[in-house]
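Notes for the one structure printed next.
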Amino acid sequence: MLDLAFWLLFLLIAAGLGIFLFASEEDKSVVSLVAVFSALGGVFALMGYTFLGGIYVLLYAGAVVVAFLMVAWLVSGRSREGRSIKWAFFLIFISLGTELSLIFLGSRSVFRRVSTSVSALGELFLGKYLYVFELTSLLILTAVVSSLVLMRRRS
Amino acid sequence: MSFLLALIVLAPALGALVLILLGRFLGKRAVFWFSPATVGISFLASLIAFTTFKNHPSVFYLFPWISVGKFHVDFSLLWDPLSSIMALTVSGVSFLIHIYSVGYMGEDPGFRRYFAYLNLFTFSMLLLVLAPNLPMMFVGWEGVGLCSYLLIGFWFDRDTAADAGKKAFIVNRVGDFGFLLGIFLLFTLLGNLDFQYINSRAASLPTTAATAAALLLFLGATGKSAQIPLYIWLPDAMEGPTPVSALIHAATMVTAGVYMVSRLFPLFARSGLALEVVAWVGIITAALAATIALVQNDIKKVLAYSTISQIGYMFTGVGVGAVSAGMFHLFTHAFFKSLLFLAAGSVIHAVGTQDMREMGGLRRKMPITFWVFTIGALAISGIPGFAGFFSKDQILAQAYLHSKTLWTVGVITAGLTAFYMFRLIFMTFYGEPRGWKHAHESPPVMAIPMEILALLSVISGWFFSSFHQWLKPLGYIHLEELAHERELILMGVSVGLALAAIVLAWWIYLKRKRGLRTGFLYTLLTNKYYVDEIYEALFVVPYREGARAVSRYFDAGVIDRAVLGSGKLTLEGGRLLSFLQTGLLKDYALWMAAGIVIALFVALRGLL
Amino acid sequence: MTSVMIFLPVAGAILLLFVPREKTDFVKYFALGVSSAVFFFSMWFFLNFNPYYPFPQFVERARWIGFGLNYHVGMDGISLVLVVLTALLSPLALASSFRYIKEREKEFYIMILLLETGMLGVFVAQNLFLFYIFWEAMLIPMYFLIGMWGGERRLYATVKFVLYTMVGSLLMLVGIFYLWKHSPHHSLYFYQLYSLSIPWGSQILLFLAFALAFAIKVPLFPFHTWLPDAHTEAPTAGSVLLAGVLLKMGGYGFLRLAMPLFPQAFKFFLPYLLALAVISIIYGAAMAFVQEDAKRLVAYSSVSHLGVVMLGIFLLSLRSYMGGIYQMLNHGLSTGALFLLIGMLYERTHTRDMKKLGGLARPLPVLAAFLMITVFSSIGLPGLNGFVGEFLVFLGSFEVNKTAAALAALGVILSAVYLLRMYQRVMQGRVKNEVFLKLPDMNLREVLIMVPLVILFLWMGLSPNFFLKKFEKSARLMMEITQQKYKTLYLFENGGER
Amino acid sequence: MSSTALFLLSALLISAGIAGFFVRKDLLTMLLSGEVALSGANLALLVFATRSSPTEAQAAVIAILTVAAAEVAVALAAIAVAIRDKGKATEDIASEMKG
């Protein structure tokens, strides 16, 4: 049962990457990545890193890809109605669905190959790796500021 | 005694120094008096030394010069029969010519410079003559070369004079190259360069080494004494003032070669071949120069070729072993040849041109010069009673004993000598005046020295036997005996030829009024057998053009370009590599990816 | 004391910095004063030098960077005479440029003083590292001298000069590293290095590296093309010091470093070096014969004269070796004098092209007289200094290698040819340009510059022993070292240090 | 779900990412392919750490993610600027560095 799910996800990722590499339009390739990342989140969940799986799906499939999608449309200069939008939503819906179900299964110790607890993770971040944690936050701050500066209209 | 010798040499040197440094402050009168005086002192000193000093030979040490390891050369002076004779002749003739120059160069603006160089010349010549070893002689040797350069090119604003001076110095320098190599060879052979040491050890030298050294030294002698092959500079040296030609190119410098060969006679004798070479070069030069002199129209050029010819005789004399005969001819030649030049000088001074075709009929206008010139001509032609006869016949006699052909060439040349001398007299003094407007006899200051020299060119001939005895102590002086009647026959032949030549000259130049004008022989002779042109083509032009070509193509072309090329190499290399900098991110990423793959491959190669 | 002498010019240069630019006269005479002081220093050394002690004297040592790179100066006979030559030529070169240099005088005199320190340093350095530092340091002022006050193509010439020399000396630096590594407790002291035995293979490479650096400096035949350019573009003072001193460093480098450090390799390369020296003599003379620019002619004549010097040094017979060193001094004086005179000529006629010059002996008799004396000294007329040097070199080399000596002696003729031709084209014949007839003759300052040189020509020509004796012992020692007579030198030398 | 299979997946992701960088012409997808390669690396990291220290691996991955996020932010800004100035955001917009 576990291997079946894994190979299913493997296929999904491979297909997604195939589309990503050879899609003629940019937004098609960007959208295909949503599937890839959510499937990857699934794999993490299968491995037992359910928390990570969840983060992956939220961060990548949700925020990053969508942001890129928006810039992609900005690039092509016209808002994209028509078939591809619907097609995109359908894909996103499918991947989210499978992902959520896997997370539920994961949490129910059926595939518990790895025992991880989010609280242990928290202690780690605020204990041993406090500096790392602070540094990354600083990094993110500079990234945001710099992108704002970059985007300022030159006087 | 060493003070006396030092005085002989240093008096003219002091004179030259004073004239060079303080010349500007000395008036004309002071210079005219001072410069001949210094040479006069040196003449008196050598006279005193000649008469008082008996125990020959002796070397007087003055001060050290170079000493490196076992090589020692000091400034010292040698006084022996040979050098005493030379010192006397040189200082005597130089003194007379200094007095003559007062008249001749009186008006020339550069007279201070002239007298300074003349003094410097006398100093160098005396140094050459009194040197006890080869390096010291070489100092005098080059010194006279320098002074001849300065004096030939005295009127330096005339290009021909400057060229002639430069030519003289360079040709002499070629000779000195041989001289130097001779000195080095002798040093490596013997380790010591004193004449007495060389002469004493000459017998022990291997013949080939002795021949090589002798021939190299003889190359130097041919350079200085204007023999084949290095005689080309003497005719051009006539660009200088006439007294200079009289002193340097007749009496003293050109005889240095003969003196050197006689000084190192044992070395030459050791290698029989060298003596043969000396004899034959001498006689051939004599003959060649005499033929050229036949057709020269410049009065000084005639005398110049005559000098080359007479020196050829001297070398023949020494070459056949009769050193005293050769030296005696040198002794007498110094007087009558300088006399001839001075007389020619007074003619030029009077008429203003050197071309005989514009002279003629000067006999009445310049009686003293005419008579004095005739005495000189008689002496040089070997007419009995005059100096030339005694010395030349002695050489011819010895030559006869050595080899018949040598004698025949010698006699014929004697005939030619008589011919061209009297051709000169008839063209300048006889016949009707051509071209010159007015001519005046030379002032006493020029006439007296000529008269003294005329006297000397007559009486000096009678002292051959005492001259021979005087040189005996040198050890290598001997004369073969000649059957008395055979000697008379030879004398008869040569005198007969001379008289015949005079008559022939009289018939051609006075009776028919015009000499040889055309024909292949005439053009060949006037162009001096094209020797100058041959040398130019053989040495000067290839050297100049070759150097110019090498300079343009090799020096600038190859080496420089190679140097600059290496500079360009780096530039081109840089441009070559710049194609990598395409500016496109993708390419840079590609190099990076390629780098990673290679690195991985190398790292994993161990594992696979 | 030696260090005081070397660094006096630098001190003078630093003091000059504080002098305001406008006071050019003060700058000139101050610089001249400093340079003359250095000359009197060198005189003191010359007189107090013990000619019978072959090893360096007036030695001063100090720890500097440690690891064998320490400050160690001293003078043996050979260094002494070269130091005196430098100390003599510098003030003369300085004095000759009072009217020659019109803009940026202050910097000019500072550069000259710095150059003087560099030059002196090279001759007194006893530590290879210190030698290299002075060797390179001397290039910088020379670069500015030619670069800023030179003729039209000065940038081209100076860059070519510096790069050419730099390439050579970088190879030498590599050699120095090798020696440093292999020398016992990393000492770079010359006499310690002489007793170092180096394997054959690396000795060949090392000798090539050192020989190249010095051959460029001499300059020997194929490496000479920088010299004519550097000379035509350099100002008078630059040319005088470049020809008078810098070229001697090549020869000095050979006899002090390249030959004694790698004797076997030197023996191996001897035939090629001899060939180069002889070619330099004849090639230099031939090139000089066809030059149109007076300075280029003298530059090529330097190539020829230094060919004679190197021939003498390579052949290692006592006479030729000492003759070579003596000829170095003569060449320094006579070529220095030639450049001074050509400079004075250039100040008046503003051209060096011999086609435009001619018959200048009429308006400039005194200058013509000095030029004649200098020409005859450089031709090697007996009685003047050139003859003694050339005679000894040819005499000595004739004992060792007859053919090389005979070929080299040809130079005697060729040098007369091109120098007399130059004298005739410049001084004799008719004046080509009427303006030249009214040229002013030499003033007192110029005469005072030339007089000491002419006195030296005669003094070194008539009584050479006075100078020869000073460096005879040291020359013998260097020869014996090059011929591998001493095995462990350091112990021997240590005892006798003063 | 053996670890080799997971490594296979990780290898697939990394190579796809690098290939994507070279195949795609527009900057956006090139950046995303960077992300894909990065996540492939994360997967490999996690697989290695399954036995020894899973939680630390998770922490490491989260740190990596934050860095990736920062990178995306700046990248997007840069692309936006590129679009505004150069009109298009393909990889050949800037070649001033040409040698």
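First chain written, first letter: the chains are A, B, C and D, and each begins at residue 1.
We adopt the following convention: contacts are C-beta pairs under 8 Å (C-beta built on N, C-alpha and C of every residue); 3 or more make two chains touch, one makes a residue touch a chain.
Given the structure is predicted, the values throughout are model-derived calculations rather than measurements.
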Higher-contact pair (C-beta pairs counted), B-C versus B-D: B-C
Subunit A and subunit B: spacing of chain centres that average the CA atoms, whole Å: 111
Separation of subunit A from subunit C, taking each centre as the mean of its C-alpha atoms, in whole Å: 79
Chain centre separation in whole Å, for subunit C relative to subunit B (CA means): 37
Separation of mean Cα positions, subunit D and subunit B [Å, integer]: 99
Chain pairs in mutual contact under the definition given at the outset: A-D, B-C, B-D
Residues on subunit D engaged by subunit A in the complex (per definition of touch): 1, 5-6, 9, 12-13, 16, 19-20, 23-24, 26, 28-29, 31-33, 35-36, 39, 43, 46-47, 50, 54-56, 58-59, 61-63, 65-67, 69-74, 76-81, 83, 88-89
For the subunit A and subunit D complex, residues of the former touching the latter: 2-3, 6, 10, 13-14, 17, 20-22, 26, 29-30, 33, 36-37, 40, 43-44, 46-49, 51-52, 55-56, 59-60, 63-65, 67-68, 71-72, 74-75, 113-117, 120-121, 124-125, 129, 132-133, 136-137, 139-140, 142-144, 146-148, 150-151
Subunit D partner contacts - residues on subunit B that touch it in the complex: 577-586, 589-590, 593
Contact set on subunit C toward subunit B in their complex: 160, 163-164, 222, 224-226, 283, 286-287, 289-291, 318-319, 322-323, 359, 361-362, 376, 381-383, 387-388, 391-392, 394-395, 398-399, 405-406, 409-410, 412-413, 416-417, 420-421, 424, 427-430, 462-465, 468, 472
Interfacial residue positions of subunit D with respect to subunit B in the complex: 18, 21-22, 91-92, 94-99
